[in-house]
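What follows is subunit A paired twice: with subunit B in the first complex and subunit C in the second.
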Partner chain A sequence: MARAKPKSDALEPRLAALRFDESGWQAAARSDALARLTAIGLPGRRDEYWRYTDPSLLNAAQITPTAPLANDAEVFAKIEALKIVFVDGVFDAERSDPLGMEGVSIEPLSAATGDIHWARDLYGVLEARGQNPVARPLAAMNTAFATEGCLIRVTGHPLKPISIVYISESMASDVILHHCIKVESAAEVTVLESGQAAGRLNGVMEVELADGARFHHIRAQGRDAARLEVTHLFARIGKDANFKSFTMSGNGRLTRNEAVLELLGDDSSAHVAGTALGDGAFHHDDTVFITHAAERCESRQVFKKVLKNGAVGVFQGKILVKQGAQKTDGYQISQALLLDGDSQFLAKPELEIYADDVKCSHGSTSGAIDETALFYLRSRGVPLAKAQALLVLSFLAEAIGEIEDEALAAAVQARLEDWLHGDAA
Partner chain B sequence: MLEIKNLHVKLEEEDKVILRGVDLKIGAGEVHAIMGPNGSGKSTLSYVLSGRDGYEVTEGSAQLEGAELLEMEPEERAAAGLFLAFQYPVEIPGVGNMTFLRTAVNAQRKARGEAELSAGDFLKVVRERAKLLKIDADMLKRPVNVGFSGGEKKRNEILQMAMLEPKMCILDETDSGLDVDAMKLVAEGVNALRSEGRSFLVITHYQRLLDHITPDVVHIMAAGRIIKTGGPELALEVENNGYADLLAGVA
Partner chain C sequence: MSDVEVEVRDGVDRETIETVAAMSGSYKHGWSTEIEMDYAPKGVSEEIVRLISAKNNEPEWMLEWRLAAYKRWLQMEEPDWAMLNYPEIDYQDQYYYATPKSMAVKPKSLDEVDPKLLATYAKLGIPLKEQMLLAGVEGAEEMGERRVAVDAVFDSVSLGTTFKAELAKAGVIFCSISEAIKDHPDLVKQYLGSVVPQSDNFFATLNSAVFSDGSFVYIPKGTRCPMELSTYFRINAENTGQFERTLIIADEGAYVSYLEGCTAPKRDTNQLHAAVVELVILKDAEVKYSTVQNWYPGDENGVGGIYNFVTKRADCRGDRAKVMWTQVETGSAITWKYPSCILRGDDSQGEFYSIAIANNAQQADTGTKMIHLGKRTKSRIVSKGISAGRAQNTYRGLVSMHPKAVDSRNYTQCDSLLIGDKCGAHTVPYIEVKNNSSRVEHEATTSKVDDDQLFYCRSRGMDEEEAVALVVNGFCKEVLQALPMEFAMEAQSLVAISLEGSVG
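Then we have the complex of A and B:
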């Protein structure tokens, strides 16, 4: 794929407001990332990878704050978890739980200043790997400038999930967060993310799964209509390891969630799923790139979007099966439910296969609400708006079904019901 | 209970006329049956009464206890006491049968200004009524009609009817696709609901359902009209001789 020409004219003002920190163990990673970013330039509408999503709001030197962001009630409030709080992108020790828990060590990136650090092998490393074959300049920008985030190293089976909660208090918050998570051999962790992070968020999460490791990730992105967000989830998945990530999004003016997952050890799996509800000036882009580089691995992508009043949904999903990745089982489905004629769904599923004994399937559909089912519900006395909300939940069910933990699935379901029935009321 | 006068219906999108002046009056507590050749307009009548889109009423009226049905939204008709057991019940993946039933029951109660049933009370009533229809806990948990056999779907319709306690029940070929035992179950379910304040309109092709649910009145529908009305013996006549004589009689 052709690389974009450097667009230094836009890059300079974009970086002007950011402070480049040359100290500490990340120094080399940061300057490498800055060099990558300078070589690549900011994404542009002419880049094939940004064909359906206009990055200009992400590239802009500054954001124009509208109204204060609305902070929803915490989605995972009822889940017993170790809570880590970031307020406008800054770790808040007072609002967070003590960071000690058996089987895991957690440090805020801002406090991890020690000279020798395990995260040196992870910070910016997966992001750099993820620059090929497609450039991801905003992720490089994140590595170059991030000073906040979490470093999580899992060595056992912590009893509770780790819940990262974002709160936004400033109207003008423009935030970069970078998390590194290493799950050691046969260890297991659940990481939750929720809340309104910032007016504009650039988030990166790098996840390394050693052999036999398990990682569950459930994310609830904020619902404020003015929110701008670009996230990259990079993972390197070892033998017999399981990776699962689910994202729920509501509204938000512009969201681009990229997942770049590599199955590197035999018999491992990677599942990514998401639901997005968009109303009005909403643009939501899920871009997924899964590489099968080992035998007998399984991957699943399940993305559902509900769009109305001119909302736009994008899905770009790729499965790359490398030579020798025999018995690969890849599945991909992306669907949109268009609640009116003004909304739009753009999907680009891609398969690239260099092994002969593989099973890969993909499907993409967009359609309206099923009138027969709607009439059936109404004929039982369910009012129109409520019947529509039920059918929306019915449409989302397959994606929510990807959440393994029942309590977490119930929390997500409950929030979706609140949103939908709230709209219905 | 239900009074239909000179009902004319055409398709909204095409100029196809389906009902050509249907007159029907069902008293409180009565059971009426409608029989008639395929395509004569029986299901259309049931859809128009319950408010499905796609049909245009060009003439006539339909009143439920004096209230004009044709002006109401489908959910208002349901709250007013109308129920249609579908010829082809609809599958709704991702919506649990129990959630669906509870949402429907409480929506109707709310529309009528009654208090909603608590989760506990609701569960108790559902279990009891499901048991009579041999619907097990697993079927209650599963998504609405998904993976149900034809007979299970029909029993599920009757369960909905039992839970919603409508005044006017329309059953569109609820007997089709049922084995002998299931038909008895369904008939028992219906008979258990028969009461002075509740009326039934049973659409069927076969006498065998009427062996179990004895109708007070039988109507024959052909080409969008009721062409003959009589007692239970009319159904037997159809069973033995088909529609040829009846149709010839009108022509």
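Then we have the complex of A and C:
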């Protein structure tokens, strides 16, 4: 069947603003991705997958910054880690740590030249797989045009987490970053991401977990009112492997975080969680697609959003259990706390199940702060704003609980408290 | 009836077990009535629309209305978002109007109707004689005054309506929609298409152009309808689509409980059924609408069966209006159906209880929409989907809280049960909350028939099929309890029927 014509006329001007690089080991992946993008077209408001989020700011040929950027203090500053710094999408060797560490090889994408590279089996490969059954054109655009990112290959147990730090110095920076992470059999790594990457970021992370591998990912998206961001996290998860990803988002004009995870080996697990605090002109969309294609796998999705002053929170989550993926245990919860009458929560928590011996549940709730709990705290002498902040933190607790490492959980918790009490003050 | 000695578990009564034991193995209503029919030529066109209108002796305004819908339909595309796979429907390859020859001159009362047609309904257990009680409902005698008025629709025409005179005494109008268009044009003009507009969706628009008959109900102000009303739809003719239109108006403070049943003969070609049901519920009024949908589902290989595309919507226009949809969906090869509630009046309430059972090659994509517009509106959704064989069963629902719908509530529970490893169960809920004083809760689970429960039943001497039926009945109890008593037996039997042969 002929594919539908691009639904948006924005593709041509968007492509005109980008430079296509035909050299190097990624050449084939790039031209395939460009062909995919041209066939699919940019997302449009009438696409079912973009029902709740208007992609036009992400599609636009140019960005028009509305406010100066404000870089947050580094969330993981106190965590001992190997730091890789990107300034407006360009690798900054000076501000980064030396890239050598035992059990892992790290390389910026821009430095990986030549015709042969291990990442050739990964770059654009998971993204291409992730185009079915739902098209993700902005990810294909990323593969086609990304010139920078990290290539990380983990073979052992590095002593420190790898911390990718983004700094943005130009309001008008429009950046495409593509990371590839391969965790070999029984290896393990923790990857942190933090900071304001650019005025507009299109980020892709492809993660391959071999049998018995473990991958932990914690991301703190900057707290900047003008931020535009679309990210795709693709993962292929092998037998007995363990994947965990947590994202904390502060303000941001428009954020769309997609996670496309495939459980391909028996007895593996995938957890994705997130907290989003939105105030005012804020649109935050978590879109998750987890495929169970093996037996006895476990998946969890835990997403919490706190919204006020007209902020909009979106959750689209899906658990697909393929035929034969028996003994699957799937769990999904999406909850919104609406602090005033102007905010909105739009959710589509889906299940698609083709195996009979499975346990899948999903829940979604939305409502105001619990007046009884608020009254109780106030009757104990806690001021209103502080009481609200406490209740918000307790609402977020289940999602933060998904972070295994205590020091990292504490760093996230501390930042959330800063934000909330800052608001309360 | 076999005498099964079982320890009765909590929540499952003996009657259920006995009914299950007594069930036979296949679709019971698959026979057809040999009768001479009048067909309009195959296909749909402006001429056919005019012909249907002329056959019903409709006034000019009704014809205009139909033609407007038909023009609109020509520009529409068939929706493809549902999780349903079926070969392309050739809309020109079926009859849009079929009526028994004996109905050419409309009989004045049911006594004049061709006995063959009456026998059809008798065989289905539908009482068309006013003194008769509903067949098959034990204990109905003790209920004394419980009677049900029936409108019997056979292919494209209504055969007649019982208890008309008695209902008229109470001011209730219960007749076929074709009669209503002639006898109560003001009411029809005012309300027809006011809930489901002509151009609402592809199937509803087709229905607006070619509907041939259906039921019309008007309950006047402050009236509690003295008996339950029901319509029984029977598709009999081959290659014939059924397009019925039901319009129910409950004026201020009125109450009515309405039942709908349907069956069709076994045919190896697919037949189209595209109905529209509109409920208008004014201030303080209440409507209960219950359906047992048992169209022919096709055989075990997916040959034949009804394609069921239905648009049902209730508009709670006044404050404190209430609507309750209850549906048991067991038939049809394809089901596409989302009975909805528009909660416009303040403090209005909508409820949706559904059991959808899909076996063999059946596919069901069904659910509800709760649109909260008024203040302090409440809705509740309980949906149970059961898949067996190679069937696919999807719950699709929308809960929408508009900014002005302050202090509203919704509770949704949708559970799926899978029997066998070749079937599918899917949940596609949409939740849109645009104010913070409303609470929305959605829960869904998917599981298989519990081994422990099965083992327990079997250890008490039940065979495997009986045990599965029993467990499933427990799973469905919440919905079955919401059905009127007339349907309780039928519904429980249906649950058992559809699962026959699915174990293993």
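The working rule: the second predicted complex is superposed on the first by the 419 of 425 C-alpha atoms of A that agree within 3 Å, B and C clash if a C-alpha of one lies under 4 Å from a C-alpha of the other, contacts with A are read in each partner's own complex, and residues count from 1 in each chain.
We take it that a residue touches a chain if its C-beta (ideal position, glycine included) is under 8 Å from a C-beta of that chain, and two chains touch if they have at least 3 such contacts.
Quick caveat, the model's predicted, so the values are computed rather than measured.
Asks: Following the overlay on subunit A, give me a clash-or-fit verdict for subunit B and subunit C.
Replies: fit
Asks: Answer with first, second, both or neither: which of subunit B and subunit C does A:Leu346 touch in the superposed model?
Replies: second
Asks: In the superposed arrangement, does A:Asp357 touch subunit B (first), subunit C (second), both or neither?
Replies: second
Asks: Scan A:Gly238 for contacts with subunit B and subunit C and give back first, second, both or neither.
Replies: In the superposed model, A:Gly238 contacts neither subunit B nor subunit C.
Asks: What angle, in steps of 10 degrees, lies at subunit A between subunit B and subunit C when each chain is taken as its C-alpha centre?
Replies: The C-alpha centres give an angle of about 80 degrees at subunit A.
Asks: What is the contact status of A:Ala397 with respect to subunit B (first) and subunit C (second): first, second, both, or neither?
Replies: first
Asks: Mind telling me which of the two, subunit B or subunit C, contacts the most residues of subunit A?
Replies: C
Asks: Does subunit B (first) or subunit C (second) touch A:Gly381, or do both, or does neither?
Replies: Touch status of A:Gly381: first partner only.
Asks: With the two structures laid over each other on chain A, which partner does A:Gly252 touch: subunit B (first), subunit C (second), both, or neither?
Replies: Neither partner.
Asks: When the two structures are overlaid on chain A, which partner does A:Glu371 contact: first (subunit B), second (subunit C), both, or neither?
Replies: first
Asks: For the combined overlay, can you note the least CA distance between subunit B and subunit C, rounded to whole Å?
Replies: 13
Asks: Could you pull out which subunit C residues touch subunit A in their complex?
Replies: Against subunit A, the touching part of subunit C is residues 81, 83, 403, 406, 416, 418-448.
Asks: Name, in rising order, each residue of subunit A that touches subunit B in their complex.
Replies: 371-373, 375-384, 386-387, 390-391, 393-398
Asks: So in the complex, the part of subunit B that touches subunit A is made up of which residues?
Replies: Residue positions touching the partner: 50-53, 73-75, 77-79, 83-84, 86, 89-95, 99-100, 103-105, 107-108, 111, 143, 160, 164.
Asks: In the complex formed with subunit C, which residues of subunit A make contact?
Replies: 48, 323-324, 326, 336, 338-368
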